[in-house]
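Working notes, beginning with the structure itself.
Going by the order they are written in, the chains are A, B, C, D and E; count residues from 1 in each one.
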Amino acid sequence: MINLFNIIPILLQAQTVSPSGVKERLLEGIFNVNINNFLVLSGLLFVIGVAGVLTRRNVIVIFMSIELILNAVNINLVAFSRYWFLQSEGKNAYMGEIFTIFVIVVAAAEAVVGLGIVIAFYRNKETVAVDEIDLMKW
Amino acid sequence: MLEYLFFFTAPTWFSSLPILKDYIDPMVLDYLVWPLVQIGLLLFVVLTLVAYLTLAERKISAWIQVRIGPNRVGPEGLLQPLADGIKLLLKEDLIPLKADREVFIIAPIIAMVAALVALAVIPWGAAWATISNIDIGLLFILAVSSLGVLGIILGGWASNSKYSLLGALRSAAQMVSYEVAMGLALIGALMFTKTLALQDMVITQERLHIWNILFQPLGFLIYLISGIAETNRAPFDLPEAESELVAGYHTEYSGFRFSLFFIAEYANMLIVSAIAVTVFLGGWYLPGLSYLFTPGSTFFVLASIGVFGLKTLALLYLFFWIRWSLPRYRYDQLMELSWKWMIPAALANIMLTATFLVLGQELALIVSQNNMLEISTLGYVFLISTAFIVTVPLTWIMLGQINKNSRDFNLREVQPLPMNRTINK
Amino acid sequence: MTEITDITHPEIDTNEMILNMGPQHPSTHGVLRVALKLDGEVVTDLDCDIGYLHRGVEKICEHRNYQMIAPYFDRTDYIAAVSNGLCYVETIEKALALEIPLRAQYLRVILTELNRLSSHLLWLATHALDIGAVTVFLWAFREREELLKIFENFFGARLTCHAFRIGGMTYDAYDGFQAEVKDFCDRFPKRLEEYETLLNTNRIWLSRTVGIGIISADAAIDIGLTGPPLRGSGVEWDIRKAHPYECYADLEFDIPYGENGDTYDRYLVRMEEMRQSRRIILQALEKLPDGPIMAPKAPKVVKPSIGEYYHSIESPKGELGIYLVSDGSTQPTRLRIRPPSFINLQALRQMSIGHLVADVVAIIGTLDIVLGEIDR
Amino acid sequence: MKLVGLEAVLFYLLAVVAILFAIFMITARSAVHSALLLISTLVATAGLYLLVHAEFVAGVQILIYVGGVLVLFIFVIMLVNAKEEDNKMFTRQLLIGGALTFFLGLGIIAILLQTQKGNFFTLASPAPPKIEQAQNNPNLSPSHNISQNTIKIGQELYTKTVLPFEIASLVLLVAIIGAVRLARERKQEKIYD
Amino acid sequence: MDLIWLIPILPLLGFLINGLLARRFNFSEKLVGGVAVATVFLAFVLSVTAFVNYSAWSKQPENQAKPYISKTLNYTWISGGKAFISSNTTPITPENSLVDLNIQWAYQIDHLSVLYALFVTFVGLLIHIFAIGYMHGQTGFGRFFAYLNLFMFMMLTLVLGSNLLMTFVGWEGVGLCSYLLIGFYMTHKEAAEASKKAFIINRIGDLGFILAIIGVFSTFGTLEYQEIARLVQNYPVEALGTFGIMSFIALGLFIGATGKSAQFPLYIWLPDAMAGPTPVSALIHAATMVTAGVYLLARMNFVFQRSLVMMLIIAIIGSLTAFVAATIAITQKDIKKILAYSTISQLGFMFLGCGVGAFVAGVFHVITHAFFKAQLFLGAGSVIHAMNNEQDITRMGGLKKYLPITHKTMVVSWLAICGIAPLAGFWSKDEILAKTFSTTLFHPAIGKMLWFLGFLTAGITAFYMTRLMALTFWSEQKFLGQTASDGGEEESNQEANKNIDQKNDGGSFKIRAVTPSTTNTEAISNTTEATTNDIGSFNIEESKDKAERINLNPPIVSALVADPKESPSIMTLPLIVLAFFAAVAGFIGLPVGYNWIETWLSPVINSFTLHAFGTVDIILALVTMAWSGTMAYAAYHIYVKNPHIAEDLAIKLKPFYQLSTNKWYWDDLLDVKLASLINKFNDLLGEADKHGVDAIPNGSALITRGVSILSGSMDRYGLDLLVNLTGWFTRAGSVLVRTFQTGFLNNYALVMVVGLVLIIIGLEYQAIQELYSQYFPAIPKIIATPAPK
């Protein structure tokens, strides 16, 4: 009988031997989805977030980029949480996830206050572009 | 991941269907075919149901308003939903010139998807009649339904129309506010079921031989009111108040996109009712049902689906009834109702429920172990009587005191009009 | 059209938004455009833009014979056509100093009061609809339908009812008219109670109407409000009592008046007025004498003597007055209508400022305006 | 921790979606589009959380992040009525920022790949612990077993980390009050003062 | 018995109800009082049941001498992770010195704390009832009872806490409540300052307590009493002359106890604390809070017993305090101040008892003292109430016939405090004295000396208490018709003057009797001589009105009433009950036969002066009693029979009299003398500066002037160039730096990212180099030295 679910694993479980060069290492990483892949993903999202902060003019979009950075961190935390769950047989396994929840909470608080400032600012200056916000007072 | 999404394997009669058994691997049957069959069946039933809910609403409103209602298309107007559907499909699909095209297109889809995804975890019946019974069932539904507001808000914004934007902003504020009260209202019941998984909630109620509404009358009331507000139904239909905002967020929508919003609204009603039934009214559990059929048997499951459906339909009828008999709240009153009444009441409900639970444990009427409650007969009496005699009046009095100075809910005493009987100038 | 003035303090910067309500809007009761100046959802200022339905009735009247003018009045306040017709006819009769027979008077009273009922029912329907109570709308239309059937039998028309002539009436009541009206009046109180069960103590209805659109008695008099809006503010002013016309002096009825001048009081006033109208109708039916329906001295060619005449009646909306300048010819030199809706509408701004958009809807409803009358 | 089979496919699907939408997000011209794309990224991330059996976090992510924070963002965007940005392409900022982030990315990837060479990630993964069997009820499907993730997180959250939890609540409270104070209009202040 | 957690929580509930809701919903006084009394009453009932249950429970063999820890409301309050401690076993290894810093929030009862809980709730209950009558009609009624209830909660937490930190919470809490309640009349300057004083002086003690807690933790690795009691067995007794860790802990604890129990150097706050309402004085500053120090001593007796030095210090300080406070009390005029000093003196007795190792006797005295002192305070309150807020006993007299119940009950307590057998005070005080006399801890001579001091104090106590009773109740009636300004003796101290000044501040009127319906004609004639007759009476009425209206001020106007009325029954009832207990409470600690309290407390406190009761004790007791009786009679003779003797004596013994009225100059020393000393020292320094040191600069100035001419020219042409150059560089540099401060957010973020990149490159250069060198050969390779393992 055909088991649809076994085809893909077979395809993906092609192990490379002795990862010595960069290419091999990359290949090995790609075919074994482990914590490293999560970390790379998280790193990429982080970098994208940083790029957003650096290049955008709209304060709100900058805020969103910061949320993206925090989200990248969260991926890290959750991945490590799972990793430790398996490594330590369940001891302290949920701390990463709990920390993630705290990060989300703090992100929410940050967004609330930040957006409050944006609204207050917009009411005075009618703009949300950072390059027009260059004075400490108005 | 898949085994987490689909916890339920196919019933034995399904796996033993001759055609399937011979040609398909049992694992594929369990994880792929059966869920797909379930999903397909559910979507078909729910969408048909939604369509007929519109008909039901028109018929019921007609009865309430001493009219006849649709009666031309098909026998007794039974084909009316079909005709409506065809009409909506064939209508011209307008996108305003200044609208944000992408968002305009995607908004109704978000609303619709958010409404339909939530159907996945609702326990429609015992055993195999549920697609998925996940650990975070209730949280999942709250999360997904919080996505629904995105559809509305984006649709309103993308239309680039003042009425739409106002409607969208109103509805966003309204849904966000009432979501708080709704979530809090459920917590009281969670203290009794001790799980977020919806099927397990029903099982708990079955095990305790009770409907949670008896423990949680206040929670149910708050949930129902918040649920009505959450689905933007009268008397909370501010986002689409036709006397003020024409049609609110979907003013600029027409044709099929409009019908997506429409279906989402009715599907949301269905979900709210289903959750109310699951959490407060015992889900598919009916006392005595297990005497009629063997638990777990196919007939039992079918009967449980029927019970669940009847309960849900009864609540849906309540929705219609309320809509056609009450006037509409004003916007600030609506917010006031949420923040000054519903949320404090829900908080008080949580506090009092917790107090009585702890008290019950102290008095050895209730035993809590292994994430389960064991309640003695006296415990039932204690919990139910405190819920009705203490929690409801106490909350009422407290809120009355707190909101003593509230502007809108302290109406002057209504006096009979004075009459002039003598004047004759 | 008045200029939208800035009533907010100049030092406060707010995000203002101009919202155009109408001219095509479900709750403006016709083609009325209300320009709302909003701060959030709070109305800081508003302006009414009228004239979308202007037909120049007053001007047309200057070029018509007195008999030819009468039907135009059915089309000003088309909801209360009978009252309008009555007002015109009485003005001319006053100018001619005509005495009309008693039976005609009683029939006129019955018909105008029935018309008042019909108008108030329509008001109730739309007012409730504006506030969101859809069912009341259809229930009120059920009763209105019965009334319209009577009208159709009597006048041959449902909306533009026209049966009054200068000097009396064109035709007498049809057979069974009294029985039908009696029948309706017997059924009516129960129906009224039904509406009141649905609304009177409904918390939502109360919170939408109590304290909304308050106007004090002084302010109401200053603006010139008449009818239920005036009585809702506590002024006991009803032309039927103050300057009785027709046979109102012989009939017993009360004038309800409010205390707080808010929407809820106006609602109660109108509901009570419906009861009082029913009382009048029953009395009139009882007293209805036999006799001619047309004054024998009624002239064929109407030529009022030179002078200025003013006559007003209590229409369902308020004081409906006609100011007539006659030069002795068969056509009026000037005919000016004092439409109650037009003047009542002036209170909208004062009532609405500080309230929310949703309240504006309720307030328009409570003013009970008809655009045909406002624009003329 | 190793994901194989369909899980691996799902991982790559979600990861690609997350990264692509993140890139689209920072390049979108309209703020509303940015928000929408960010929502997509966050939902994809929630999917990733599901993949590593962090169901509760996934739910919270959608409930709070998407349903709460992002709705707030969109709300504010609509309030301030942000115009579309005229992206001055190749401004100095864009150039420097792009170059820097490029280097940052290279650095991070280098670190990650370098550490992979050591034995940090090649520890043998023991079999995942058995999920507890639920109560034996004929009305549940025979293979019914349910993750204990929420229960465990709840237990840890209210025992070990109860102090941070309370602090987080306080932070939220302060944030709410602060935001209300910040966003209140002067006229409202006048009314309430 | 598991409901003991409710004992403190119930008053907390009362506090929450009264504190949060009373004002908002305008609770009636009955409701407020009812809530407060009901919660305390329930707590009392629970204490009784806990007492009964616990005595049964602890008799079971497996529970012998163990405290019962409540399972409800028991959780890890502070979980601090791992911490190193110095050691709790002799061989110090990393394993046994690493402990979990987990501090429980748990309520426990054992023999000591249940006893404390019993009398705290009981006395508290009675005082609550009394306060309903006393505080009637004052604003802040709800606030007052909320504070009282909060105090009860804190006191019970202090007593029932299972570890030092919980005790500390209660400790600080009662301090807070004391502060709040002393300053209850917050618009009254004196009260506000007294509350501040009490608070600040208590902080000195608290510092010691905190240090002791830290010491205990770093030594034993736990704060649970049970654990400490177990672990302390590993430590040797530190003999006289050695000062080890036990002594340090004991010193810290003792400093804490000194502050709270108003012992010698730190006692000055307690007399001032009498500015609070009288029930507060009775509850907090006589019966319960101030005995917390003794509780701490008894609770940690195992630690104290391991440091003989500290025992000696405690004994000495205790006896000194007792003596000094008693001598001060002789000459005081304010009825509450006398009682305050008496309290200090009695606390000194308790400390003395603890110091000589008789902890049981100390605790015993705490209990008896609680009854009779609370009774005395409440009696005083009743008197003050009747006298319309007059507190000066020299203006009272002859109240016996007006206040029969108050008088009778106070007589009982008077006898008790004087140590007349068989009332309560006799048993406890004489037990302390007997234990002191025969102590074996120190050299016998020390014990004898301490005993003698205590013996003297006992007599003085009898003297001043008799004086108080005499001047208040028995002597000639003095209050009728007297004006405030000419009342009192010529040598009235500053306090009294201040009072009078304040009274005269109000409206420059003379206070006089309002109703002439008295028999004392002399008084009336005095009154009529007084000027502004009508205005005076008017002003009194007005000021009464005002006082009622504002009511936050204690009505400072003491309109000397002609006809003092006995207090209402709600106030006299507690008096009677307390008097009863003041009479009989001593029987729980009979030295002969069955000494119940010693037996009861033996699992908690193992006193090591197990001195058998003998004839010496009987003789001592008889001597003490005779001495007290003599002194009492002397006082009676002086103040009732021949009032002129008092003035004669005051003149004759002027130095002693001065010493006493001025409170041994201790306050002055702190407040005035110390400050003036510092000022004088400053002046001295200033003089020295002006005359001695200034000569040097004057001389050098001449030289400088000469040199400056020389250097000026050099400066102008040489150094200015350098300065200008610096300026120029700065300006040039600022052009560069200024460009960085653009004010643009992105630029700042950019700098952050630059830093991030640099950090990554710096930290992981090798990794980057290795990975990218094949693509970018230009990346230089750094050979890192491998880190030593």
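Quick note on the criterion: a residue touches a chain if its C-beta (ideal position, glycine included) is under 8 Å from a C-beta of that chain, and two chains touch if they have at least 3 such contacts.
The structure displayed is predicted, hence computed values, not measured ones.
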Chain hops separating subunit C from subunit B, counting only touching neighbours: 1
Chain pair that, of all pairs, has the most C-beta pairs in contact: A-D
Identity of the chain that, by mean CA position, is farthest from subunit E: C
Gap in Å, rounded to a whole number, between the CA centres of subunit D and subunit C: 62
Computed distance of Cα centres, subunit D from subunit B, in Å: 27
Distance between the centres, which are taken as Cα means, of subunit D and subunit A, whole angstrom: 7
Touching two or more other chains - residues of subunit A: 5, 22, 50, 54-55, 123
Per-residue multi-chain contacts in subunit B, two or more chains: none
Per-residue overlap in subunit D, given as positions that touch at least 2 other chains: 6-7, 53, 56, 60, 68, 93, 96-97, 100-101, 104, 108-109, 113, 149, 160, 185
Residue ranges of subunit D in contact with subunit E within the complex: 93, 96-97, 100-101, 103-104, 106-111, 113-115, 159-160
Contact footprint of subunit D on subunit B as seen in their complex: 1-2, 4-5, 7-9, 11, 100, 102-103, 106, 126-128, 133-136, 139-140, 142-144, 146-147, 149-150, 153-154, 157-158, 165, 168-169, 172-173, 176, 179, 196-197, 199-200, 203, 206-207, 294-296, 300, 304, 371
Of all residues in subunit D, those that touch subunit A in their complex: 1-9, 11-12, 15, 18-19, 22-23, 25-26, 31, 34-35, 38, 41-42, 45, 48-49, 52-54, 56-57, 60-61, 64-65, 68-69, 72-73, 76-77, 79-80, 82, 85, 93-94, 96-98, 100-101, 104-105, 108-109, 112-113, 116-117, 121, 123, 125-126, 128-129, 149, 152-153, 156-157, 160-161, 164, 168, 171-172, 174-176, 178-183, 185
Interfacial residue positions of subunit D with respect to subunit B in the complex: 6-7, 10, 30, 32-33, 36, 39, 50-51, 53, 55-56, 58-60, 62-63, 66-68, 70-71, 74-75, 78, 134-135, 137-151
Touch list for subunit E against partner subunit A, complex: 742-746, 749-750, 753, 756, 771, 774
